[in-house]
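A, B, C, D, E and F are the chain letters, set down in written order, and residue numbers restart from 1 in every chain.
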Amino acid sequence: MTTLMLLTIIAEENLAGPIEEEIVRLGAKGYTSSSVSGKGVSGIRDNQWDGENIKIETIVSESICKEILSHLQKKYFERYPMIAFYHPVTVIRTTQFT
Amino acid sequence: MTTLMLLTIIAEENLAGPIEEEIVRLGAKGYTSSSVSGKGVSGIRDNQWDGENIKIETIVSESICKEILSHLQKKYFERYPMIAFYHPVTVIRTTQFT
Amino acid sequence: MTTLMLLTIIAEENLAGPIEEEIVRLGAKGYTSSSVSGKGVSGIRDNQWDGENIKIETIVSESICKEILSHLQKKYFERYPMIAFYHPVTVIRTTQFT
Amino acid sequence: MLTSILSPMVLAFLLGIVASRLKSDLKYPDSLYQSLTLYLLIAIGLKGGYKLSLAAFDEVIWPAIAAILLCCLIPLWTYGVMRKAGRFSIPNAAALAAHYGSVSAVTFSAALAFHESLGISFEGFMPSMLAMMEIPAILIAISLARMNDTSSSTGQASVKEIARELLAGKSSLLLIGFVLIGLVVGKTGWEQVSPLFDMPFKGVLTLFLLEAGLVAGRKLSDLRKGGLLLIGFGIMFPILHAALGIWFGKMAGLSLGGATILGVLAGSASYIAAPAACRVALPEANPSYYLTAALAITFPFNILIGIPLYHEFAVYLFN
Amino acid sequence: MLTSILSPMVLAFLLGIVASRLKSDLKYPDSLYQSLTLYLLIAIGLKGGYKLSLAAFDEVIWPAIAAILLCCLIPLWTYGVMRKAGRFSIPNAAALAAHYGSVSAVTFSAALAFHESLGISFEGFMPSMLAMMEIPAILIAISLARMNDTSSSTGQASVKEIARELLAGKSSLLLIGFVLIGLVVGKTGWEQVSPLFDMPFKGVLTLFLLEAGLVAGRKLSDLRKGGLLLIGFGIMFPILHAALGIWFGKMAGLSLGGATILGVLAGSASYIAAPAACRVALPEANPSYYLTAALAITFPFNILIGIPLYHEFAVYLFN
Amino acid sequence: MLTSILSPMVLAFLLGIVASRLKSDLKYPDSLYQSLTLYLLIAIGLKGGYKLSLAAFDEVIWPAIAAILLCCLIPLWTYGVMRKAGRFSIPNAAALAAHYGSVSAVTFSAALAFHESLGISFEGFMPSMLAMMEIPAILIAISLARMNDTSSSTGQASVKEIARELLAGKSSLLLIGFVLIGLVVGKTGWEQVSPLFDMPFKGVLTLFLLEAGLVAGRKLSDLRKGGLLLIGFGIMFPILHAALGIWFGKMAGLSLGGATILGVLAGSASYIAAPAACRVALPEANPSYYLTAALAITFPFNILIGIPLYHEFAVYLFN
């Protein structure tokens, strides 16, 4: 059992495709996505007209986590409704994630 | 990067509106919601007849987290199928959350 | 307030029924499930043809968490697309979970 | 008689029960269930409003008074019986009163289909009775619980607030809204949308009943918890209420078919508006009681035995 | 005239607004909204293609040129006015230009229903105009923003990339794809699918408009943010564009009905393709402006007042 | 011949492939896919059952025996060939055998539409053959894997358990259930629901095939992984199985049309019941093989080339 980081990204749903591709390119071995709605500084996002959000979770090493975050920050953070955060989790087989 | 609390509330779906309003009133800057199903001490909740659950996640400071929890406990906990829990997460831009 | 483990299982959606039954049998007092899509070592899982995933979350004591994990490892891990991980969370009423 | 029981609608309900007893993985996506509900409410409302627009005021007024009376009386007496004879707690008795006082759009539709397939005519404005009968009983039942339960804590929604919520609630809003739309649009308007809201109606009802059967089948396991008492109530109440409804209907000048349908409405138990309202306003009530009674006992009883039985009773009363 | 306003479609839109003002819990599941959108786009495309297959080339070519011209000019001038008179930021002005330059499939359908119910004939190939007019204005508006906004950071998608995305985007792909399919399959093919894609069309439109009303009702609260200016633009632009469209249509040889419908297309504002494109390509633009203007001002204006008004104008122009 | 290829159904499938190659964002919500599947299974079952009720027992018995024989033999021989000639692993060979032994409801429906549009009659009870042929091959294939794979660990579901699950599985439950309902309800019942389950059928099929095309398009990229071998098998098997099916059909006394349709059933590969069963019972099998073969090779081959080809073969055989 090892400790890795679970990084969660919540963003405009139309960014799902590019972000998923990019985190894999930056070293994530997988990800899990789901549709969510929400509210933040850019207002309410709970219907198809205003747009909804995607929640992308990926388990990665701490260094890859930071790389992904700095990439997202540069490319998307200033312009799109979006948040990201992470915390440590314990996984069983490290081989599946790193 | 700062550490804040990610508070998760799982409750009867019809309470989504009031709870979301109340956590914002108590100081949360945003929240993320999704439909979930589940089972707990009040039985199974996985279809529209018995009702389903909403999962509300909000990133807040520890003090607001506790305020929200004590509010929920007073207003809903005894009467409705519901759980709540929290854990620390690391966020990038603190300004978006506090 | 007590600290318990939040165990998350992400698996082939058709395993939802058996896994939910088994974790309850092993001592979990409840669980929360939702449909997710994802990608991992066994490829993409984001449509009904290839199959999608279920995410099952359950709050349990550390010992039950480990029992569930070792059960899943024996029965499913080698054969099915699946991951599991856990981390501590703070809950309010311990009685609801243990 | 048999033709009505052997309709695709009723058989789909039975298939749903069988499927759930076989632990089939057949499951409707939530949004399909919600879409079917939306469709049924809109279709019932529109057609009812359109037919109402063809009726004269004094044809409608007495049946309307009868309908309102029925759904004010039924919850009062149901609550009393449940408390006394059933020894149910205040929230449980009130929740059961809400369900039996309110009405079931699907049972109603099955009754229409029954009459159509036997060629028995009825007043076209009956769906507007359905729209009127959905909410009042739920409000009365919740008020009963509030008045009797002095222990109830602060922070509870007031009855006025609940009334507002119920009237703005999706089922009454759609029913009342589309009755009004149907009233206004007339024949031209109705014909523009009848290929969606009229012709495929029974097919959609078949889909809905399959899903209802799936849930009813699962609830059958809860029957034991409720016990014989619940089964007894779940059969006795609809019979009594239906008889009362038919009698009221006759007094209000309805035809044989119309009176039977008013009886079916009175005898039916809600499982769209009432469960949702009770989950919010009476969370202490136990769904295993009210859902099991409404969906696994009364609903199949009405569909399989009740409707033909009420028809026989109406024939007897009208001769 | 009144018959057209009192259609089930328009009334359902109003009911949606009422429901959302009453804070009703009526809500469409996301997938129902998406399914209705898919249906409308496919149905419009198929029927348009089929009708196009019945038309001669030189009947179609001039109206097509008129349509393309319209949707290239409108965003240019809208952008300018919004920047100068409206003092909107570059992204906001561009987003508004994209919305008003593109077209609304639902407003279009309401115009068809209006003409059909008044018995006014129009060219059957008009849906292919809709298909052509959806994308160009959005591309032009986004390019305007790119050219004028020198501060824009790296990492932005190029206009070419956006063009590809918009053409492969679901709304134009379905519209263009099914226009082609309709063109090819002919009468036999069309008749195989018309029980799904033609007959229930107005019913589905009713369902869609109820949902549109729910969202428009919520957006009404945002009207204050946009202020009187936005309301003014949201009414003035459609009138001007519609007049222009009718005049272009007449010059291109369209009939009275056809020209009116081209006017409605020009006067309508997009709220399926344009908002999605703007969220991705112009994230700095504020949805409270463009969605409120398109959905809560222009759309109801067109449905309730615009279409009959444009018809009157066309009658005046053609005589 | 061309009319059948240029049907809206086939063209929608091609449009789906194009859309996915263009990386379009067109995507069906999951629940729409599930709802379409439910609809198709119910509609096929009901109509098949209704038509079966019109047929005499000795008309049906021999074709039924032929159908059962076919779906017991095909997986046996497919498994052998895949193991020997294809050098596939045990789970992969078994999964492929399950898919080719079972049947495709959509290919079947396309064959019906083909015959109807050419005006060729066929036995109305053919959908009941579809219902019978869905499950057996999957069970046989899974048993083959179990028998041959001695290494398989404990904790695996027994074949009996899997049989129960497959029979209670949604596709066979709906097919068998609604064939029975169709049998029982007769003409009156059928006419109550045919506006939903019969008239719009081809339109719904068009919607489904668009989605199938989207997935098939994505699977095309996996073709390389499977290699030429998979492409060869994916074309050879359907041709052989269809020829066998037509021959069996002729021997069983079916008409030209009926025999062709039995051939299509034999030649088709499942992609609703079989993939779901294999994911659970044969998780070691690789979906890139079985889904790609069934959906991206065999399905389009059958739709575009196979059905007309089998028809020609049947004409040849029957003369």
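Note that in this section contacts are C-beta pairs under 8 Å (C-beta built on N, C-alpha and C of every residue); 3 or more make two chains touch, one makes a residue touch a chain.
On a predicted model such as this, the values are computed, not experimentally measured, just so you know.
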{"item": "Touching both chain E and chain F (chains)", "value": "D"}
{"item": "Chain separated most widely from chain B, comparing mean CA positions", "value": "F"}
{"item": "Interface composition of copies chain D and chain F: same or different, split at half", "value": "different"}
{"item": "Gap in Å, rounded to a whole number, between the CA centres of chain E and chain D", "value": "41"}
{"item": "For chain B paired with chain C, centre-to-centre distance based on mean C-alpha positions, whole Å", "value": "20"}
{"item": "Chain centre separation in whole Å, for chain E relative to chain C (CA means)", "value": "46"}
{"item": "In chain C, residues with contacts to at least two other chains", "value": "14, 34-35, 87"}
{"item": "Residue list for chain E, restricted to those that touch at least two other chains", "value": "25, 29-31, 34, 200"}
{"item": "Interchain contacts (touch definition) - all pairs", "value": "A-B, A-C, A-E, B-C, B-D, C-F, D-E, D-F, E-F"}
{"item": "List of chain D residues in touch with chain F within their complex", "value": "3, 6-9, 11-12, 15, 18-19, 22-32, 35, 113, 117, 199-200, 202-204, 206-207, 210"}
{"item": "Touching residues on chain B, where the partner in the complex is chain C", "value": "8, 10, 34-41, 46, 53, 55, 69, 73, 77, 83-87"}
{"item": "Parts of chain A lying in touch with chain C, wherever the complex brings them together", "value": "4, 6, 20, 24, 29-34, 59, 87-93, 96-97"}
{"item": "Touch list for chain D against partner chain B, complex", "value": "30, 33-34, 153, 155, 215, 271, 275-276, 279-280, 283-284, 287-288, 291, 295"}
{"item": "In the complex with chain D, residue positions of chain F that touch it", "value": "29-31, 34-35, 38, 42, 46, 165, 167-170, 173-174, 177-178, 181, 184-186, 188-190, 192-197, 200"}
